[in-house]
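Labels for the chains are A, B and C, by order of writing; each one numbers its residues from 1.
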Amino acid sequence: MSAEPIPNLPLEHVSELSSAAGEGRALLALRNQAREAVSPLVLPARANHLWRYTNPARFLPESDPTALTPIDVGPTWRLDEPLSVAALLAGGATRLVEMDAAARKSGVVVENLHRISVGDLLGTIVPASHGFLEAINMAAWRGGVLVRVPAGVSLEHPIRLRLVAGDLSLPRVLVVGGEGSSFEVIEGHVGGDRGTGKVIGVSEILVGKGANVRYGLVQRWESGVVGHLTARARVLTGARFQMSIASFGGTTFKADVGAFLAGEGAEVETYGVAMGGDSQHFDHHTEHIHEYGKTHSNLDFKVALTGSARSAYTGMIRIAPGAAGAEAYQENRNLLLSENARAESIPELEILTDDVRCSHGATVSPLDPEQLFYLESRGLPRLQAMRVIVYGFLDQTLARLPQTTRERIAALVAARLHTD
Amino acid sequence: MNTNAKPTFQCSGIHIHIGEKEVVKGVDLTVLPGEIHAIMGPNGSGKSTLANGLMGHPAYAVEGTVMLAGEDVSAMPPDEKARKGMFLAFQYPVAVPGVTVASFLRAAVSAVRGVDVPVREFRKELLARMEDLEMDPAFAGRYLNDGFSGGEKKRVEILQLLMLKPRFALLDETDSGLDIDALKVVAKGINAAASNDTGLVLVTHYQRLLNYVHPDVVHVFMEGRIVRAGGPELALELEERGYDWLEPAAAAGGV
Amino acid sequence: MASTPTVADIGSDYSRRYGFHDPEEYFMRTPKGLSHEVVEAISLLKKEPEWMRAFRHKALDVFLAKPMPTWGDTAMLSEIDFDNITYYVRATEKQEKSWDEVPENVKRTFDRLGIPEAERKFLAGVSAQYESEVVYHSVKEELTKQGVIFLDMDSGLREHEDLVRKHFATVIPAADNKFAALNSAVWSGGSFIYVPKNVEVAIPLQAYFRINAERMGQFERTLIIADEGAKVHYIEGCTAPVYSTNSLHSAVVELIAMKRARIRYTTIQNWSNNIYNLVTKRAVAHEDAVVEWVDGNIGSKLTMKYPAVILKGERAHGEVLSIAFAGPGQHQDAGAKMTHLAPNTTSKITSKSISKGTGRSSYRGLVKVRKGAHGCKTSVQCDALLIGDAARTDTYPTMEIAEDQVRVEHEARVSKIGDEQLFYLRSRGIRDDQARLMIVNGFIEPFVKELPMEYAVELNRLIELEMEGSVG
């Protein structure tokens, strides 16, 4: 065993941070509990496969994240599409909130998360016990937004949250979809213009009974950013949750996303695409936890790598005892486009009851030379033929997303393909 | 056809529910030994539900009485019904990987006849029946329905019909998805069974098979009921005119 | 001394067939617990060369220093009481070549297990290990003439020291894992096989392992070397009496397949349900060699076993075909490892498991492709069948791919016995329990058809026993 230095993370100014942000006692109590959970700080063992491929110490802030450092003002944001809600989080604060008339009229609430009166939902889906980074976020998060869509409300246009990475950002998002509501939220992560930045983000989504929520997590940081994002949804009886995750940027990025199917008939779909180049390091973990019977989940995660990029994908499907009639499918495909690219894949199943249908598949392969030849024989230059194949590979997954989100992510994929 | 014979199969007051929905709404049917009946009806009319329900499919709640050669078999599980001489040729026979056609059929034949049929004797009989159906003997060693084409599956269903020699057989869309040669082979098997005094009900929505198998009675089945019964000429009429002209009868609740 | 056997939940006649135990009459046994004194005593008794003695002591230090695994069934593992195990038990004074000379009590055991009968029927050679030592060994004459060496490991070391020294622990070093270290310290018995260049051993060689004493550990060590172009099939079977306390079986098996060699290693593990079966099995396959592990795990309380092939030479092929049956209280944590070091190597893993009652089966696998190993192909197929709503199955596959010109595939499926399959079979007159058995037998058919007839029949019978009373 190598003798790694014992990590130390000071969290000295929790109370000041909380009061400066105008928080109530409940939130402060949550922060203090979380601080306890990481004092002393114990990093997860590397043998644990969730951290086998990425060193947890990489995500540790270099300074006390609760220190009230001056805040740099984030970039402005030009809105060029119809949105129900637009909210910008930068420099540890909510910078902009806009809401269209329809959303306002139907009672949609977008609030500064620091100011919410009760903390009864915050931290219930991603508690401090989830992991050391989730605990650090809970103790020191700064800049957060609560989006609440009332029961029965359907929003025509998406809710777009833009989170800008600064030197050290610990954002927090809470989305609450009321019973029978239907809407789309897109959480876009940008920033890191100075070629540095560290992000520890946590998002929680509650999908009420019979609701239909689409949630997109799009990460396109500049090179140099090191970030960890955790997102979890709790999906209640008869509700549908569709999550899409698209990973493009940053230098080291680890995502831990998933859903609890927490009521009979809940349905979850997760679609992921990740494109890595240069020496980017991606580590994605997905989880579908079937707590109840007659639940259905499907997961399709695609990774395309060039340069000396590296990707680790770990997926867990868990079917709890008694969750009869659960169905779960999981697929992870990796395309290696260069000699030095590396991919790891660990799609796991834990099935604790018999009345289930589950399957998973994973592949790692190079570009199909037959496909390449076919396209070249139709006059496409090699590079373009490669782009067409990679685009097609990812688009099979994107095809299942809402149209506008698909188009936006597809545009990012195309842009990425033309720069590599 | 033996007109003085007692019915080999008789059902009355058959209602079948799938969940809350009533799919079969009262069916009575009597079949004598060696008789061939055709039940014809449009897609989705509940024909397959009737066939599976009569055999005792666990997903269906069946009301009514099913008699086999005078014995009430209504409450029996499917394997007991089979041992009493009832047979269902499935529309979509399921694959059982790893179990060969021969070992499966030997187990079935032994169960139905109530005696352990010696391997040699069984093999001889199996190969003879396969030859009747123009099947490659290699089929005996293949895994049951695993990777079989549609036509192969149907032939294997007919092979089972000939091996198990039931008193009464329901054939659910056994003619669908067959080319003309396969259809002739299947028809040959059905006629052979009938001449062996098996009573048969062919469930179909095409008249095609009836060019090779001549039914004694044709029933028209719509919306969960038999709405009309007649001789072979009824099948031809259906072929010509479709089912639309019978709709009022269906709505009125049958004849 | 003898305690009353208690019947564990393993089908009604395990006790009658294998679960009996004979009075523990021993020629020699070490005191309980593990120490350098015990290791010294074993080495001394065997009159081993100095290098082996040193190897054992070093291995013991490794064992003592290494923590228990932090993965797998840590709860079950923590129940092992290493201080309450006898590490070496010898029932007879010497090894016999004629069945009649085997001491009556030991012979009775193997007679009841049908070993001499099997030997007459279809084996080229047989080795029977009782507790720590091989008590009977016989090889057909023509094999000896061809230069095939088939000995117990202790005799192998005495008679072919150079060959053993050259290869021993080269595939699985003592420090590989805690249990390999344990085996390295206290190993006794097992088989040593050498097949010379281009010799094909047409009929299988067999070893039969039997634990009779309570709270004893069996640590056999097997080394098989197939020289260039050679071909050999080795089969092992294992049983133990049903005691109320647990015993430990921790073997190390090393296979070396030189250029163009083929080794098939078949195991039918049917330990009683109170044996911890923690085994390290690994092969090295050189250019164009083929290594196949055919691995059936029916018995034991906890099995942790991941047969591995290191594909070291170009175009080498590795295969693992395994089934596991986890009945109530059992955990079969089995899997496979394939390490592709050379270009154009191929591997295939097929794993089938059945979990019944509270049984748990886990597939744990690793497929690794090293950079530069271009043109590799590997596929993994896991199928799990669950019987009963308390049954559990896990799939933990790992794929680490550092080379782009490769094809790696993994598929897993989990299901219960299909209602439609059951209805279909029952509609043909087949009774519910028989239909279920038929489906289960069909499920493991791809494995069974790879076994010699006698084993296939025996395995089907075992599955039948395990399936008893599983209706519903």
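Everything that follows uses one rule, which is that contacts are C-beta pairs under 8 Å (C-beta built on N, C-alpha and C of every residue); 3 or more make two chains touch, one makes a residue touch a chain.
The model shown is predicted, which means the values in this text are computed figures rather than measured ones.
Undergrad: Could you compare the number of C-beta pairs in contact for A-C with that for B-C and name the larger?
TA: A-C
Undergrad: Measuring from the mean of all protein Cα atoms shown, which chain centre lies nearest?
TA: C
Undergrad: What's the chain with its C-alpha centre farthest out from chain C?
TA: Looking at centroid distances, B is the chain farthest away.
Undergrad: Just the number, please: Cα centre separation of chain A and chain B in whole Å.
TA: 55
Undergrad: Between chain A and chain C, what is the separation of their C-alpha centroids in Å?
TA: About 44 Å separates the centre of chain A from that of chain C.
Undergrad: Could you please state the distance in Å, as a whole number, between where the Cα atoms of chain B are centred and where those of chain C are centred?
TA: Distance between chain centres, rounded to whole Å: 49 Å.
Undergrad: Over in the complex, which chain C residues touch chain A? Could you list them?
TA: 70-71, 371, 384, 386-416
Undergrad: So in the complex, the part of chain C that touches chain B is made up of which residues?
TA: 418-421, 423-432, 434-435, 438-439, 441-446
Undergrad: Along chain B, where are the residues that touch chain C in the complex?
TA: Touching chain C from chain B are residues 55-59, 77-79, 81-83, 87-88, 90, 93-99, 104, 107-108, 111-112, 143-144, 160, 164.
Undergrad: If we count contacts the way the header does, which residues on chain A are in touch with chain C in the complex?
TA: Against chain C, chain A makes touches at 45, 47, 49, 321-322, 324, 334, 336-366.
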